[in-house]
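Notes follow the structure.
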Amino acid sequence: MNKKKIFNDPIYGFISVPFEIILDIIDHPYVQRLRRIRQLGLTHLVYPGALHTRFHHALGSMHLMTQAIETIRSKGHEITQPEAEAVTIAILLHDVGHGPFSHALEHSVVEGIHHEEVSLMIMDRLNQHFEGKLSMAISIFKDDYPKKFLHQLVSSQLDMDRLDYLNRDSFYTGVSEGVVSSDRIIKMLEVVNDQLVIEEKSIYSIEKFIIARRLMYWQVYLHKTVLAAEMLLVKILLRARQLAMAGHELFTTPALREFLYHQHTRSDFNAQPELLLRFCELDDYDIFTSIKVWVHHDDKILSRLCMGMVHRKLYKIKISKQPISQLVVDEYTTCAQSVFETNAEDASYFVFTGDIENNAYNPAHDKINILSKDGTLIDISQASDQLNIQALEGVVKKFYLCYPAECIPL
Amino acid sequence: MNKKKIFNDPIYGFISVPFEIILDIIDHPYVQRLRRIRQLGLTHLVYPGALHTRFHHALGSMHLMTQAIETIRSKGHEITQPEAEAVTIAILLHDVGHGPFSHALEHSVVEGIHHEEVSLMIMDRLNQHFEGKLSMAISIFKDDYPKKFLHQLVSSQLDMDRLDYLNRDSFYTGVSEGVVSSDRIIKMLEVVNDQLVIEEKSIYSIEKFIIARRLMYWQVYLHKTVLAAEMLLVKILLRARQLAMAGHELFTTPALREFLYHQHTRSDFNAQPELLLRFCELDDYDIFTSIKVWVHHDDKILSRLCMGMVHRKLYKIKISKQPISQLVVDEYTTCAQSVFETNAEDASYFVFTGDIENNAYNPAHDKINILSKDGTLIDISQASDQLNIQALEGVVKKFYLCYPAECIPL
Amino acid sequence: MNKKKIFNDPIYGFISVPFEIILDIIDHPYVQRLRRIRQLGLTHLVYPGALHTRFHHALGSMHLMTQAIETIRSKGHEITQPEAEAVTIAILLHDVGHGPFSHALEHSVVEGIHHEEVSLMIMDRLNQHFEGKLSMAISIFKDDYPKKFLHQLVSSQLDMDRLDYLNRDSFYTGVSEGVVSSDRIIKMLEVVNDQLVIEEKSIYSIEKFIIARRLMYWQVYLHKTVLAAEMLLVKILLRARQLAMAGHELFTTPALREFLYHQHTRSDFNAQPELLLRFCELDDYDIFTSIKVWVHHDDKILSRLCMGMVHRKLYKIKISKQPISQLVVDEYTTCAQSVFETNAEDASYFVFTGDIENNAYNPAHDKINILSKDGTLIDISQASDQLNIQALEGVVKKFYLCYPAECIPL
Amino acid sequence: MNKKKIFNDPIYGFISVPFEIILDIIDHPYVQRLRRIRQLGLTHLVYPGALHTRFHHALGSMHLMTQAIETIRSKGHEITQPEAEAVTIAILLHDVGHGPFSHALEHSVVEGIHHEEVSLMIMDRLNQHFEGKLSMAISIFKDDYPKKFLHQLVSSQLDMDRLDYLNRDSFYTGVSEGVVSSDRIIKMLEVVNDQLVIEEKSIYSIEKFIIARRLMYWQVYLHKTVLAAEMLLVKILLRARQLAMAGHELFTTPALREFLYHQHTRSDFNAQPELLLRFCELDDYDIFTSIKVWVHHDDKILSRLCMGMVHRKLYKIKISKQPISQLVVDEYTTCAQSVFETNAEDASYFVFTGDIENNAYNPAHDKINILSKDGTLIDISQASDQLNIQALEGVVKKFYLCYPAECIPL
């Protein structure tokens, strides 16, 4: 019997591992690898405490799942031991396919391969390794399992993933306003007609949860300087890929080389089983170490971009409710051409636009059902005694312009 | 020089007293009396930790004022030392006129005398005692002082009173979701055209503040069991007053006797200076001690109501979005008549209806102005990128029915 | 089925009531009465947040007991359901016999009657009321029950009482250094030979627990101003008793009158069953309300002492490692005689000495046994790799002198 | 004027940058580099939250320094603005010379070069860059500055470094018992005869501080699994160095290559100014990325060790109060030789012993002086009313044995 069953967690105090097999899964290299992938990518450049990893988040979600199972059972709904184990494995592994800086990589080096697919591929490998013991977990993860509410605990508006990451991200960034009362929300969970719902008396907590999430989006996840850092990473990887395709030599780790020098597609992953292994060798270290070395690369653009990343001289960024006018872009591009002695095409590594969007609550996609005292289910945006949640349903879109500090705004 | 300048506070850590005179004011019996008046009346019957006093809240508000002064000064606005002292005194004394269980008393024993008037009367007395040194504080409190933003720090949508009580009430009740980031909000305060405003980047914090306040209203301040307890207190005091007026003898402290056996009006307070002194002798002890003794009173109704309070057998209460039908009231009244062997009139001490209301944000009454980056001022409900705050402007009204546990709902 | 099974607690978040019968016990007037008795008496005059009650502490201890039962069971030791219920009732009621300001009353009005005896009398009454269902709880409380470790959970160096009150007192005073890791300590509990012991790896946590307790003693429980306030209360009650015995009329509640005007002994409690009922009507309200009225009493000494209490003009106090010399006492007494125009005997209400003591760890009385990895048990003071705990075994005694502010030290 | 003057910190809420020049120093690549060096090396393998960096610790120490300056000034001691700036710079840069995994590197790759020397070299470079503006800071750091207490704020038993790292390490590991009341301790700082001392009333806080530190040592800094991880890193680097010296090719970053393939001495650093630049390119990324690649290296020993690190299969470790007997070492060595098919010399990469030590309080090295009320200074171990701190003065030494999991203990 493995003794190390308790993890210290600054947020929940102690995290106990509820099943023997889970300890073995945690010990597997595929999961240990998550120790080297930060949950929030480059956010620590703005919030210096935001260094927590996907590993810790996976443990935290597992912890909340244990509480949710307890609550739901205490309200008279059956969750068998195998189901409890399976749904806990499912949440533990829900993000196992994330590569380093997921979004940046998906926009540059491993285009077209979504992390959820990779998660499933990895779960299948683990299932082989553990001789079929993960089958029910995979079935729940894919929403094939008959008891639908189990999947909802893993993936829905009120899943354990979200409850943990809002708390965890808010804790480590120090943006204390993102804290949600996961305790209170979990205690109010109920199951009606095989649907995960929430008792009416927690309606204000749910409102606050939606607002907290909205706040975290604009204050952290889409913070303009975080965005500038992430876009810098995308541009670095795009430039490196461009150079690699053109046959230039670049310092990389062997694992990164595989993906930088080849354009692997989803079907490659299916055809070459060892490709997944290679992918699983990638983590934050491969990317950032290469960037540090590229500071000294001959290519002026790559070197310049990398220096910006390493010394934290990020793009300047403007956010606007309206699209950025081409005129403005042109002016900045002209400036960048002159500053970096480059052509218009290459100047686009320094001056570019894009958009970001967020909607706080989207019932079309996935409702939060409130269980009223008379037993009926109502969507939260209808159940609220005012229309404030309904008012949050629309998508908010914003536009940004990145440009170099050398080009002073006019 | 008095040495005890630091108070321990579980919320802020330490509270320092910023001016010498304030220490003397705190030591005055009028302020010491606030140690014996709970901030949240009977709320501790639902949230057992909610025992904090108006004294502690006054100190907490003072602490936040010190921070606000520092922030505003650091942004280049002048607050002279006398002004800083005065606005700090004003916040310290803003609630000094509260009697015990303010609302219950104002609805029974000291009808027609509002606690704000009493606060002003007490400040005037203190001003005499301190030889005019409180004049500027009083002027700020009454909004007579030229620099209007100083008054707004004491009384407005974002005053230090509100920031402290939301935090403090949420802390002591354990309803952690009511916590507001007072630190963050205070750091974002600005003054424009002599108006207290808030910088645009804190807009989501302000949204969360409004939601937190809404949550505290329904979860704590208007919690149905809290309401049932407060209504029980009102009914007890009304019955006691009725008996007193009819010449019955009741155990009371001398101070309570003055107000129970006489119907003092505002003009009595003006005409009889010693009446204020008597009022200032009243605190939670006088009321609750009397109730404990009244458990044994001959009057069955008074005794019954008091036993309910002392042993925490409160009214049952129903909350409804529609007014309670007279038919329902009549049925419960009939039941109560039979249970308590009484007439219909006296049964109304056990069965009655009422309404409660709250609006989360009311710009008609007092706006929260957001300072946008281009320097214009916008009302928060307009500044938000969605309409959710606007949606909170309406008043939410609910109706309640109180009835005895002996009368089982049909 | 009573639904209200969850209490909000600022410290543990939520406290669930683990057994149906416990809810009924909590609802009983004998337990509800603890809502009106502060855990720390007059400590709030120094730490304004320290207003928490014995009721909340009882709930908190019950919560920790639930955790301890879970831990001990998970390590393979049997605690049957009836035992779990009984030990939880025992901790809930462990302090039920405390009167208001226990120590002050025991030194003045109800001399010779210890609160533990009263607790047992009340438990017996409750046991009658609940038809014998508390018998096992009482047996555990009295240490008559065969499984000895159950009693140790209720009363020993590491009982749930102590773990809760250290945390709770430290939380509400704001003396954050008194916090102990109850979570961590409870998780390390073990049972060996029917003894409650603690696993070796928590040895530093236990050291810290002992230091935290020592700190709380000198910083809070024996804080000199707290001591001055408590001694003022003792002197007030002694004077009131003296006046009552001499036939003077004093304002009191009927319950307090019973004990102020009669010198009841333990045998009176046995002979007159209704005396316990009367005692259970007493709470903080009776005492403090009377003191407020006594401010206006004809007896100058009583009135003067009471004014000090109500307006927080406490004794000045000096603490010394040596006994206070009689010479010093005499000088202050002479001063007090002159200030208060009284004789030497009555001056002793204003000038007097006494001593306080504390020992941080007393293995003679009750050991903390550490379970080493090889299975042997060692006393903590021996188990520590240094002698620092052993160094704390001696009793520390200090002496104090109280005197009025009017008598300036020479 | 640079606007970004506030850092979010989960521990202190907000950290403000107090001086303009400090913002420029923080922005300098030498300081930005600390963002990539974890404060606690490999501790996160045991406490998954312990990912915080030396950068964040530097900011935190700076924050506490601001508070300390304020307190000391408020007690009437002069700290001029230039001194305040200098002492703040000194604390900000106190650890700037730390390389990645300092201890591991100092025991393998950069032997004989202590991080404090590197700190000074870097400060000198920065001083050139900032045209002499760091001269006073350097003077304080080196304890050359006349006002000695300024140096003590940077480096002594109660310096801001220690107060921050205890709090920070305890916060991020989740070992809540390491928390010290930095607020309370700082408020009690005083200066007497140019010495930093602490007021008598905080004596129990200081005791708790010493105990907390002791606890953190054994629970975190010298935690046996942390030790096993660190020793694994040392062995990896020693093996890599051995291979490099023997002319084998190893994947490294250019910066690491410089130090792996050359045995640079302190005089090399003096002779070759660019060597410091190279050293400042090293961070956690270089080391760990190389280790990840070395998993596939031809050398079986290196590859095996690296796999242990990457997949978290650490040494087993035994801690003992007595030295490990050679007999035991020999048995494990024999086992390792057989398991890894190697000779005795190479087996020492898998089986070895060592010792660790800690003393909680060492007055010989650096006293904590308590200022008693009569103005005299007493060492804390004498001032305590018991001998418990004195008991902590001795050094506690323990011995460890590392061995591979394949070799089951007999």
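For clarity, chains are labelled A, B, C and D in written order, and residue numbers in each chain start from 1.
As a working rule, contacts are C-beta pairs under 8 Å (C-beta built on N, C-alpha and C of every residue); 3 or more make two chains touch, one makes a residue touch a chain.
The structure presented is a predicted model; accordingly, all values stated were derived computationally and were not measured.
Where touching is counted per the definition, the chains common to chain A and chain C are B, D.
The greatest centre-to-centre gap from chain C, using C-alpha centroids, is found for A. When the interfaces B-D and B-C are ranked by C-beta pairs in contact, the top one is B-C.
Work out the mean CA point of chain B and of chain C, and you get 32 Å between them.
For the pair chain C and chain D, the distance between mean C-alpha positions equals 44 Å. We define each chain's centre as the mean of its Cα atoms; on that basis chain B and chain D are separated by 51 Å.
The set of chain A residues that touch two or more partner chains comprises 13, 176, 184. On the chain D side of its complex with chain B, the touching residues are 6, 13-14, 183-184, 187. For chain C in complex with chain D, the residues that touch the partner chain are 176-177, 179, 181, 184, 204-205, 207-208, 211-212, 214-215, 218-219, 321, 360, 385-392, 394, 396. Per the touch definition, chain D reaches chain A in the complex via residues 7-11, 13, 27, 29, 32, 35-36, 44-45, 47-49, 51-53, 55-56, 59, 171-176, 251, 253-255, 281, 283, 285-286, 288-289, 292-293, 296, 310-312.
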